[in-house]
Structures are given as C-alpha cells and as structure tokens.
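Here the chain labels run A, B and C in written order, and each chain numbers its own residues starting at 1.
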Amino acid sequence: MARRDRPSFSLREIVERLGGELLGDGGVRITQIAPLDSAQAHHISFFAHGRYRRQLKDTAAGAVIVGESERDSTPRPRIVCANPYAYFARVTALLNPSQPEIPAGIDPSAAVDESATVAASARIGAHVWIGRNVRIGEGVVLYPNGFLGDDVEIGAGTVLYPNVAVYHGCRIGSRVIVHAGAIIGADGFGLAKEGDKWLKIPQIGAVVIGDDVEIGANTTIDRGALEDTVIEEGVKLDNLIQVAHNVRIGAHTAMAGCTGVAGSAKIGRHCTVGGAASILGHLEIADHVNISTNTLVTKSIAAPGTYTSAMPFSTHEAWLKNAAHLRHLDEMAARIKQLEARLSALEKD
Amino acid sequence: MARRDRPSFSLREIVERLGGELLGDGGVRITQIAPLDSAQAHHISFFAHGRYRRQLKDTAAGAVIVGESERDSTPRPRIVCANPYAYFARVTALLNPSQPEIPAGIDPSAAVDESATVAASARIGAHVWIGRNVRIGEGVVLYPNGFLGDDVEIGAGTVLYPNVAVYHGCRIGSRVIVHAGAIIGADGFGLAKEGDKWLKIPQIGAVVIGDDVEIGANTTIDRGALEDTVIEEGVKLDNLIQVAHNVRIGAHTAMAGCTGVAGSAKIGRHCTVGGAASILGHLEIADHVNISTNTLVTKSIAAPGTYTSAMPFSTHEAWLKNAAHLRHLDEMAARIKQLEARLSALEKD
Amino acid sequence: MARRDRPSFSLREIVERLGGELLGDGGVRITQIAPLDSAQAHHISFFAHGRYRRQLKDTAAGAVIVGESERDSTPRPRIVCANPYAYFARVTALLNPSQPEIPAGIDPSAAVDESATVAASARIGAHVWIGRNVRIGEGVVLYPNGFLGDDVEIGAGTVLYPNVAVYHGCRIGSRVIVHAGAIIGADGFGLAKEGDKWLKIPQIGAVVIGDDVEIGANTTIDRGALEDTVIEEGVKLDNLIQVAHNVRIGAHTAMAGCTGVAGSAKIGRHCTVGGAASILGHLEIADHVNISTNTLVTKSIAAPGTYTSAMPFSTHEAWLKNAAHLRHLDEMAARIKQLEARLSALEKD
C-alpha cells in the first residue's frame, strides 16, 4: 500500500465531520480504513453486503460502518448510517487526503505561451506545454509532460495526470480528473471514399467535458466532425475506452474499461456500461439503461432496463461441439419446422 | 467547436478551387461548413444521403453541395459534383486550413542528438527526444514530448502529435499523421517456453509505415520479430488498435477503433475492419474484404465480401433464457436427428 | 529491419556460450538470425515445427538449430539441442545485444526530487520526473518523458520505455520491462452510488510488480482500492491490456493484447490468456488454465484446461440467417421438447 503521511481521527471526530449515529466508544482512534477480514484495532471497516456477515462477526476492526437495519449486528464501536458504502467512500477520503505531488506555481521547464491565462493557485508541472489563449482555472493541477493545445480551457480544481494530451479548442469543466495517458480531442475517424483511396475529413468540432467527470488512463475521446463530442457532468469513464466523434454521453453515466462507442451514438443519463462493450454509431440509448459486459449494442434502446449479448464460455471441447452448430442454426430451425409439419400430418391420420 | 481564425470564400471562389458546377448566386459568402439542420446563411452544407431529404428541404444553409442526380432537388445556391461527400471533405479542408501550433525550428528544450538530420522546414516541439542518426524530412511537425529512437526516419510532411514514441529503427513515410499517445515499434509479444518460465525473444525487426497513413490515438504497432511489421500506404487506423509483430496491412485498408490484429496476419488492400474486431495470427485476408464490428476472424479469407460473427443483444431476461441453450446446441442437434429418425420410422409404418 | 551494429560469432563460439551439440563446420561465421526461407550463408535459422520441413530442405542458411530427434534432418552445419525455440531466443539475444540509447547518468533536464535515491549505474533520460523518496536500483534505464510519483521503487536492471507513468507508492521489481505509454497505478474504478450521483472512492492501495515481468505498450494497471494490485514474478502482459484494481495475476502467466481483467479477479500461475479476452471480477482462476482469444470468463475456473467462448464468423449473409435464431433458442428448445412429447404419444398408439 502507498506509504504516505496520514491524519488520524477519533470515531467521534469522524461522526462530527461526516454525520451518522455513533454507537459505542467514540474515543477509538482510527488511522486507516481496511476490509473486515484484515482490519485491526486502529482501522475502521464497513459492512455493506450480507455475504460478509461472517467476516463482520470475526473482524478485529476498531470500528465498523453499518446500515440502519444492521445497527445491532456487531458489538463493536460503530457508525450507523443510511448508505454504508457511500460513508466508506467519505471516510476513505477523510483518512487519505490527496497530497499534491506537484509544487505550487509554474515549473520553470513548462512551456507556457504568453497569451495563456493561468490562475494563481494552479500547479503546472515540469515539461508541460500550454498553447495560445489557453485558460486554466484556480487549483488546477497539471502533472508533468502534459499538452494543452491552443484555446483549451480547464475548469477550477481539475487534475490532469502525466502525459495527458488535450488537443486545441477542447473544454474541460471543473473538478474533473483525467488519468495518465488519456487523449482528449484527437481527430475523429472521418474518411470519404474517393476512387479507391480515403480522403481525410478535417474534424472541426471539439470535445466538451462537463464538471465532475473522471476519465481513465489511456482512454481516448475524439473531437467532433462538425459539432462537438460531449461528455456531460458526472460521467465516469474507466481505462482504455474509445469514444468516437460526435458521441454524447449523458450525465452521471458510468462506463467500465475497454469499451468502445462509435461515432454519433447518443447515450442517456444515469446509464451503466460494462467492460469491453461495443456501442455502434448513429443510435440512441435511453436514460437508466444498463449494458452488460461484452455486449454489442447494434440499434437504439428506448426503454430503461438491462441489455446483454454474450457467449457463455465452456471447456474448449464442449465449445467445439456446440459452436459448430452456430453456423447451422437456420438449417436447424428449418428441420424443426419440417418435423412439426410431418408430425401434424401423421397426427391427423 | 474550436475557435480559430478561418478564411472565408464566395461560392464562386470555392468552385474555382475545387471544381464542380455552380448553380445559383456565386457571390454567396461562406465561412464554414455545417450539417443541413443547423446550417445558416454563411454556411455551406451537403446532401449525400437520401434520408436527409427532409432536412435539405428545410435547410437555411447559404449553399449546398449535391450530387449530379440531385441538381434540381433544392432551389438554394449549390455546387453539383460527382461525389458530394468527398467534395464536403475538400471544402472542410479549404475552410479550415491546419494552423501549426508548433513554432518553426527546433525548440531549445528538445534533446536532439548531433548525428540526427533535421530538415530546415521541420518543426520540433518542446521536450522532444531525438536519437542517433534520426532523419527528419521537410515540413515534419513533432508535437511536444515525443520520442524518436536511434535510426528512426520520418518522411516529409508527416505530423506526430504529442507523446508519440517511435522505437529505434522504425521508418515512417511522408504525409503520415500519428495521433497522440500512439506507440510505434515496441517489442512484439515473443516468448519461448523454457521449463515453466517464459524466455523473451528479442524483436529485431522494425515497423515500416507507408505514405499517407493515419494512426489513431494510443494505437500500438509492434516491431517485427525477425522481419518488419508493415503498414502500407494509405492505411487508416483508428484509436486503441493493437497491431502485433510481423503483421502486414495492405494499402488503403481502414480499421476502426479497439481492433486487435495478432502476429503475422496478412491483411489485404482496400479492406475495411469494423471496431473491436479480432483477427487471429498466421492467416491471410484477401483484398476488398470487409470485416464487421466485433467479429472474430479465426482463419484465412480468400474471397472478397463481408464477414461477420456477433451475438445479437436482447433484454437481459431474454438473453438469460436463450444463452443457456448455447451450451447445449450439440445435444439439441442430436435430438432433432433422433426425432427425424423416429418420425421416419413412424411414417414408414 | 533496425540497422544497428552487431557482433558476429562462429558456430563454435555460439555453442561455447549457449551449449548444445555442434554438427558440421564450426567455423561458419554467423552475423544474424533469420527464418529458414529467407536465411543466407551468414545467417543461423531454426527448425521448431514440422510444418516448416520443406523450408528446412530448401534453406540457404549457414547453420540451423534443430531438436534432438531432428539431428539428421539436414546436412547443413547445425546445433542440436533439447528446445530449439528457446535456443533461438538465446541466439537472437546473443547476436543482438541491447544497446542503451539513454546515456549514463542523470540527464540535466530530468526533474529529480532531492529526496530520491538513484543508483550510480542508472540511466535517467531527458524530461523524466522523479518524486519524493523514489528509489531507483542499479542499471535501471528510464527513457524520456517518464513519471515516477512519490515513494515509487524501481528494482535493479528494470527498463521503462518513454512516456511511462508510475503513480505514487507503486513498486516494480528487478529486470522488469515496461513498454512505452504503459500506466501503472492510476486510480481503480471505484464508485459508490449516492442518490443518483457517483461518489469517488479514493484508491489507497498501490500496484506491486514482481521480478522479470514484461508489460506491453499502453497497458494500464490500476492501483488497489484498499489493498494492492499484484502482478507476480515472470508475468508477461502484451499491449493495451486493462488490469483493474485488486487483481492478482499469478507468476509466469502470459496474457495477449486487448484483454481486460475486472476488479478483484485472482488469476492463477502459469496461465495463458488469449487476446481480447474479458475476465469478470471477484472470481478465481486456477493455475495452468488457458483462456482462448475473445473468450468471456464469467465465473471461477477450478480445474486446469482450455476454456473458450467465441462466435465463429461466416459470410454476412450466412450470419444474418443464423444469428436471427440466437434470439429464439429458448423457443426452439421448447418446440423440440414438444415434438418429442407428441412423437412419444404417437409411438405409444
């Protein structure tokens, strides 16, 4: 685990800051959060799922976070709250405040165009490149080796980890986190066929990213062809996701790693998309839709719900036997139909 | 949309530069291109697909690009041409000339080995690293934080966006565009089993990239094991594509994002590959083959045409019911066969 | 192929260094390795698979590496050994020693915190950023534009290619190779739902990577939520792989490109995972398991063996006909059952 200096709190101090009901000794000193099965006396743990009831019984944690229906499920000092998993997130943040690695100010090795506006409290790391008319808000942290093209805007409190590139004209909101290696605003894959060659279609839209978005490592979000690619507020994208040009992802939608979204797809608000899913282009997905891992979405989805396509795995031998028939399903269906007709004829006799 | 200075042209000036037949007022002043449904009087738009006929009727565009069979489909000033979509690409380029963000010359913070040859008109950005005997052609633009290993060659007019790494000995042609974060020439995944451990096989081939290729953000193209990995001229690769060692991709083939090509696959010319496809290694794909999105190619394809494997999605409940049977297709086929035999016996009676 | 200075050896000198039995003229001078079909008199080649027997017969190679059962399969000078493919790997390394592109010492443009410990024989390239208390072992090579966050440890002999970012607190073993653009230790995708928004769960674990691991270009390995993500010794990861938080990959497991492993999956030792596979989270895979390309693993695997799920491809027309039935397999199964019942009734008559 990362070894950084951390504050410690009594259980009472935690409740004063984050709310919840304190049961038991409020003087217990907490230095870190830990899972039930490895927690010790100076740890706080949490019980958010029934399958860990055994671990709750056996835990050595100094304190536990529990839901209201579980207020008496442990004799240990505890915090009772409505949403133990969210409380766990808040306690983790309290015990592990982010510690800026990048010193205040603008590193002398950074290349900052004189027309750029950089807020006084921003931290611009070594070897960062900042183009013309770029605007950088208060408290922004740019880790080393980043690139911000001309006219880029970065809202207050946003953090760009190392080696992030933001192409010209893209706008990123406030309190956004962009992990290392993510590329914002590269050209969309726009090609016109001319004879037997491809002609590049210049991509003149940009990327617009709302507040409180998080973007995973090495994820790519392409600029729009004519209009902008838009990631609305609160969207969470995992690593190695590809978002093509003109896509719109609705607010508070979360998408797991390795997923690809093709051009001009419009994804609703409050959706979840499992890992390695593929969403084709020029379609629309309603709000509150859940797409399962590895699922290929080939047409619009109008109703909330969970949607899936995935081939179950088996031993290779079993798969060999079954997969061969996948190429003959149509024939199989025809044979069933024929059997039904023959049988009906026979039954009539 | 990106806010950059742009030229404007009269419709007549556009036709003088790009050809086509002008119908209506050639004095209309055009500053930008826009889709039919949002275009205004200073915009030119284009009509390339019948499903937008309604939008053509209602558009407020100052001018429209149409095909020859559609010369009378709008009363607006228009340019008639053989290929409206290609014409749209050319007009977009005319109205949005690329504006170099990187100043002329070699940035003083770039680390350029003294044995490297850099053409006078090349633009070498900040914090770029250039190794021994590297050769950089006229008009090349290297964005910040790039890396060119020893003996790399970059042809005239090629642009490498930020954070691109080109390993030693790789050769990139002219007018190539490599988007940010792409990695050219990392070691292929070559391992020999020795006992129960893996022994690394040094990868002594390189990557050779032809003229007019475009490579998407964070795409990776591995160097060859013994011989070179080759991307022929005019190939277009989208983002987050993996090209393994010894692969050859034929000229003018286009491949959408998140696709993987395994070692020693040979892909023909003028192919298209949809997103998130997987092409196994040591196989050959003919010219003019189209691989659909999400399709797994497990063996060579000798004939032009479109090839597909993909599981259609459905609601999770419907999927659960159907997917269970995928593990029993062989049994299902056996039962049909048995039914047919029993029915034939019965019919004979 | 990369043009670098290389040593040459007589066949006898090769056997002295790498073992094996020499048959034929030991004075043959070898400068490089090459495949059987393109090798010339100054090349050594290898015969490791029966399908190349024809090429073995026709080869112009100066010498060939063969297995013990093939000692008389060619009249050419040859080295007989137990494992020709592993021998090939060793000869390749002998003939192509790695040539450090990065000069000895610390490049003056690197930003190295004064609290960091850098071994005397380490090579720190241009524009590298090294945080507080970082420890860098003997012989480490850091290519340009790398980032090592606070408290990172890098073991002796490890090479980080350009644009690699290692977040704070992560620990990398000895003789590890990390290819360009790989991101080690970005935040895991940890979110708690609070109302209709996502609350970030700070990720306080790190990433721990064992000795002799190789990590491909643009691969991402996330830090753990509470505990560490662990890549055990000898693991080989290809390009564009996503490893989520809290995953453990057992020693000497190899994984091909574009694969994703979801959170808290535990993968055994000596496994192989084909490209573009997806492994769901919170499951366990035994030692010596092979997962095929494109396979989705949805639950734990307790026994060694090969496991597969993949949809075979066909022409688009054939696929259209067959795929439609995938949404009706349950109905198809019901109709078969009904046919069986009706037929049994009829047979009883």
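Heads up, the rule we're going with is that a residue touches a chain if its C-beta (ideal position, glycine included) is under 8 Å from a C-beta of that chain, and two chains touch if they have at least 3 such contacts.
On a predicted model such as this, the values are computed, not experimentally measured, just so you know.
Novice: What is the Cα-based rotation angle between copies chain A and chain B, on a 0 to 180° scale and rounded to a multiple of 5?
Specialist: Going from chain A to chain B via C-alpha fit gives 120 degrees.
Novice: When chain A meets its copy chain C, do both sides use mostly the same residue numbers (more than half shared) or mostly different ones?
Specialist: Both copies touch with mostly different residues.
Novice: Express in whole angstrom the distance between the two chain centres, defined as the mean CA positions of chain A and chain C.
Specialist: Chain A and chain C have C-alpha centres separated by 25 Å.
Novice: Among the residues of chain B, which are close enough to touch at least two other chains?
Specialist: 109, 127, 145, 163, 181, 218, 240, 258, 276, 310-312, 314, 323-324, 326, 328-329, 332, 336, 339, 343, 346
Novice: Would you pull the chain B residues touching chain C in the complex into a rising list?
Specialist: Against chain C, the touching part of chain B is residues 109, 111, 127, 129, 131-132, 145, 147, 149-151, 163, 165, 167-170, 181, 183, 186-187, 189-194, 196-202, 204-206, 218, 220, 222-224, 226-228, 240, 242, 244, 258, 260, 262, 276, 278, 280, 290, 292, 295-298, 305-312, 314, 318, 321-326, 328-329, 332, 335-336, 339, 342-343, 346.
Novice: Would you tell me which residues of chain C are touching chain B in their complex?
Specialist: Going by the criterion above, the answer is residues 1-4, 32-35, 38, 83, 85-86, 88-90, 92-93, 96, 98-99, 101, 107, 109, 125-127, 143-145, 161-163, 177, 179-181, 214, 216-218, 234, 236, 238-240, 252, 254, 256-258, 270, 275-276, 293-294, 310-316, 319-320, 323-324, 326-330, 332-333, 336, 339-340, 343, 346-347.
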